[in-house]
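What follows is chain A paired twice: with chain B in the first complex and chain C in the second.
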Partner chain A sequence: MKELSLNILDITENSTKAGATLTSILIDEEENTLRLTIEDNGSGMSEEILRGVTDPFYTTRTTRKVGMGLPLLKLAAEQTGGFMKVESVSKDVDPVHHGTKVEALFYQDSIDFTPLGDVVSTVCTLIQGHPDTDFYFRHRILNQQKDVLVELDTRQIREVLDGVPLNEYEVIKWIEEYVNEQYSGPQDTE
Partner chain B sequence: MKVSELINNGFEMITLPDGDREIDGVYIGDLLSWVMGRARQDNAWITIMSNINVIAVATLADTACVILAENVDLPEDVKAQAEIKDVNVLKSPLPIYETAVRLKELLS
Partner chain C sequence: MKSLAELQKIKARMQDRVVLREGSGDIRVVVGMATCGIAAGARPVLNEFVKDVSEEGLSDKVTVSQTGCIGICQYEPVVEIFQADKEKVTYVKMTAEKAKEVVEQHLKGGKVVEQYTIGAYQS
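Here is the complex of A and B:
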């Protein structure tokens, strides 16, 4: 995909389809690497399905169409010299602690590195499309020029909103501004 | 023009499970997610990518064949999958543009 944020959108849709009530999207940038972790508490996968999850035919041939999301993310990571791994615990194996974790490492100094793109839009799109599901988004950038920490937890927002749906236009607009403000850092207005 | 007719016309066979397939138009692209949504059925698809996802995209877009430019080859396991999934794969020694020009000459 042209932007990693589109991969994120795709993978996270799998999480909500798997019935996740909470999905975490973590991006850690440090020196020349970008680590993307998407973790959910959805129904998870059996070991057999997990083995085939990066095989595009395994996923396109089944009736439960998972899509090309994971094969393409794996390719995007490997093209930079990185990797992708998927861990999953099926609901059938552990009825309490189940879910899936996708972790991808990218080398940002590779010429084939796909830019992250508009991740704020991705997060807003996810919230808008799944207002009853919770998302935790954290983007950490550590380098010599700047340290940035951006966080958003819909569980906290939900508490404050007291029943107002998260996909109300004003709420989404507010979330977008709130996240963007964290990227631009504290303004010298004092 | 049939896919099999390209062979010995500047194109070399890698897999040819469905050589009688007719080619209608050409698509060029290496970003697989992009190609997936844009290549049309029966297109000859020119690319330099050669991983297993190429075969999946060719299947999803239902292209007539994949043409690997610049003498790119398929790894053995990918070649085996292409045979199983009925995906025609050819290769050309030319760069992508010249490969496309050669196809244009043959197709018109």
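Here is the complex of A and C:
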């Protein structure tokens, strides 16, 4: 993948496929590290499936025999000196508290660090494709110049919209601008 | 600064329109968004369709949605167009620029852009 944001899109698509009603995407940047956490309340995986999930030749899909999503993220993290780990609770084991958590640590000063890229586009793409699923996105950047905190919670947006689908173009465009403004700080347009 | 009050206004504007539109879309544009599609560049292709369909005023008859891997990963990004009473059209190796042309010629003009279809690549 050319951007980490594409890995994020890919992994989060798995969460929605697992029937998650809420998926959190958390990015924490501090000094030279970037920590990515994607956590969902989907159906989870059995221990057997979990063991094979970072093996490129393991997949549950039937159209093609090779699943590359998590192996690609693992590779992207490990090539910077970081790691990826996956925890999961299957709904067969715990019918109430089930889901999957993917956590990856990257060293941004590594020459093999893949840039984060357009994460706002990833968030908008997810909402466009899954308007009935909720996403919580939080990106925190702590460095010497300034601290940045960007947040988006579709549950809040859904409440305001009161039945208007989240994937209406005007809504998606508003979300895109709303998130982008949080990165750039308030712009005085008056 | 964008505010939730502004979102309120969008809601008020959209509410009536959305009710009118329900069930009327007869063309479906489906973009493959599995690992293979995403890695090959499906995200900008999808976003171009979403943008152009809305801006060209086609939202009433065209819906844009996402799907998983359809098994022809070497041709990604793949876009399928379904329309009642017509054969499915499969566009392959798509880019945002090609998507723009497909909206203009196929979705608006009703003319399939043959050179981007899978048939053109396989022959």
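Assume the second predicted complex is superposed on the first by the 179 of 190 C-alpha atoms of A that agree within 3 Å, B and C clash if a C-alpha of one lies under 4 Å from a C-alpha of the other, contacts with A are read in each partner's own complex, and residues count from 1 in each chain.
Everything that follows uses one rule, which is that contacts are C-beta pairs under 8 Å (C-beta built on N, C-alpha and C of every residue); 3 or more make two chains touch, one makes a residue touch a chain.
On a predicted model such as this, the values are computed, not experimentally measured, just so you know.
Enquirer: Quick one: is A:81 in contact with chain B, with chain C, with both, or with neither? Answer first, second, both or neither.
Expert: neither
Enquirer: Go through the superposed model and pick first if A:125 touches only chain B, second if only chain C, both, or neither.
Expert: Second partner only.
Enquirer: Where does A:1 make contact in the superposed view: on chain B (first), on chain C (second), on both, or on neither?
Expert: Both: A:1 reaches chain B and chain C.
Enquirer: Between chain B and chain C, whom does A:68 touch in the aligned arrangement: first, second, both, or neither?
Expert: It touches chain B and chain C both.
Enquirer: Please name the chain, chain B or chain C, that touches the greater number of residues in chain A.
Expert: Touching more of chain A: C.
Enquirer: If you stack the two complexes on chain A, which partner ends up touching A:181: first (chain B), second (chain C), both, or neither?
Expert: second
Enquirer: Examine A:160 and indicate which partner it touches, taking first as chain B and second as chain C; both and neither are also allowed.
Expert: After superposition on chain A, A:160 lies in contact with chain C alone.
Enquirer: Of the two partner chains, chain B (first) and chain C (second), which one does A:19 touch, if any: first, second, both, or neither?
Expert: neither
Enquirer: Based on the superposed arrangement, let me know which partner A:52 touches: chain B (first), chain C (second), both, or neither?
Expert: neither
Enquirer: Which chain A residues come up in both lists, the one for chain B and the one for chain C?
Expert: Shared contact residues on chain A: 1, 6, 68, 72.
Enquirer: Residues of chain A touching chain B in their complex?
Expert: Chain A reaches chain B through residues 1-2, 6, 55-57, 60, 68, 71-72, 75.
Enquirer: Going by the contact rule set out above, which residues of chain C touch chain A in the complex?
Expert: Counting only chain C, the residues touching chain A are 1-2, 4, 6-8, 10-11, 13-15, 18, 33-36, 38-39, 43-44, 46-47, 50-51, 53-55, 59, 64-66, 68-71, 73.
Enquirer: In their shared complex, at which residues does chain B touch chain A?
Expert: Spelled out, the residues of chain B in touch with chain A are 31-34, 36, 51-53, 55-57, 59-60, 81, 85.
Enquirer: Under the definition above, what is the set of chain A residues touching chain C in their complex?
Expert: Residue list for chain A touching chain C: 1, 6, 9-10, 13, 17, 61, 63-64, 67-69, 72, 121-122, 124-125, 128-129, 156-157, 160-165, 168-172, 174, 177-178, 181, 186-187.
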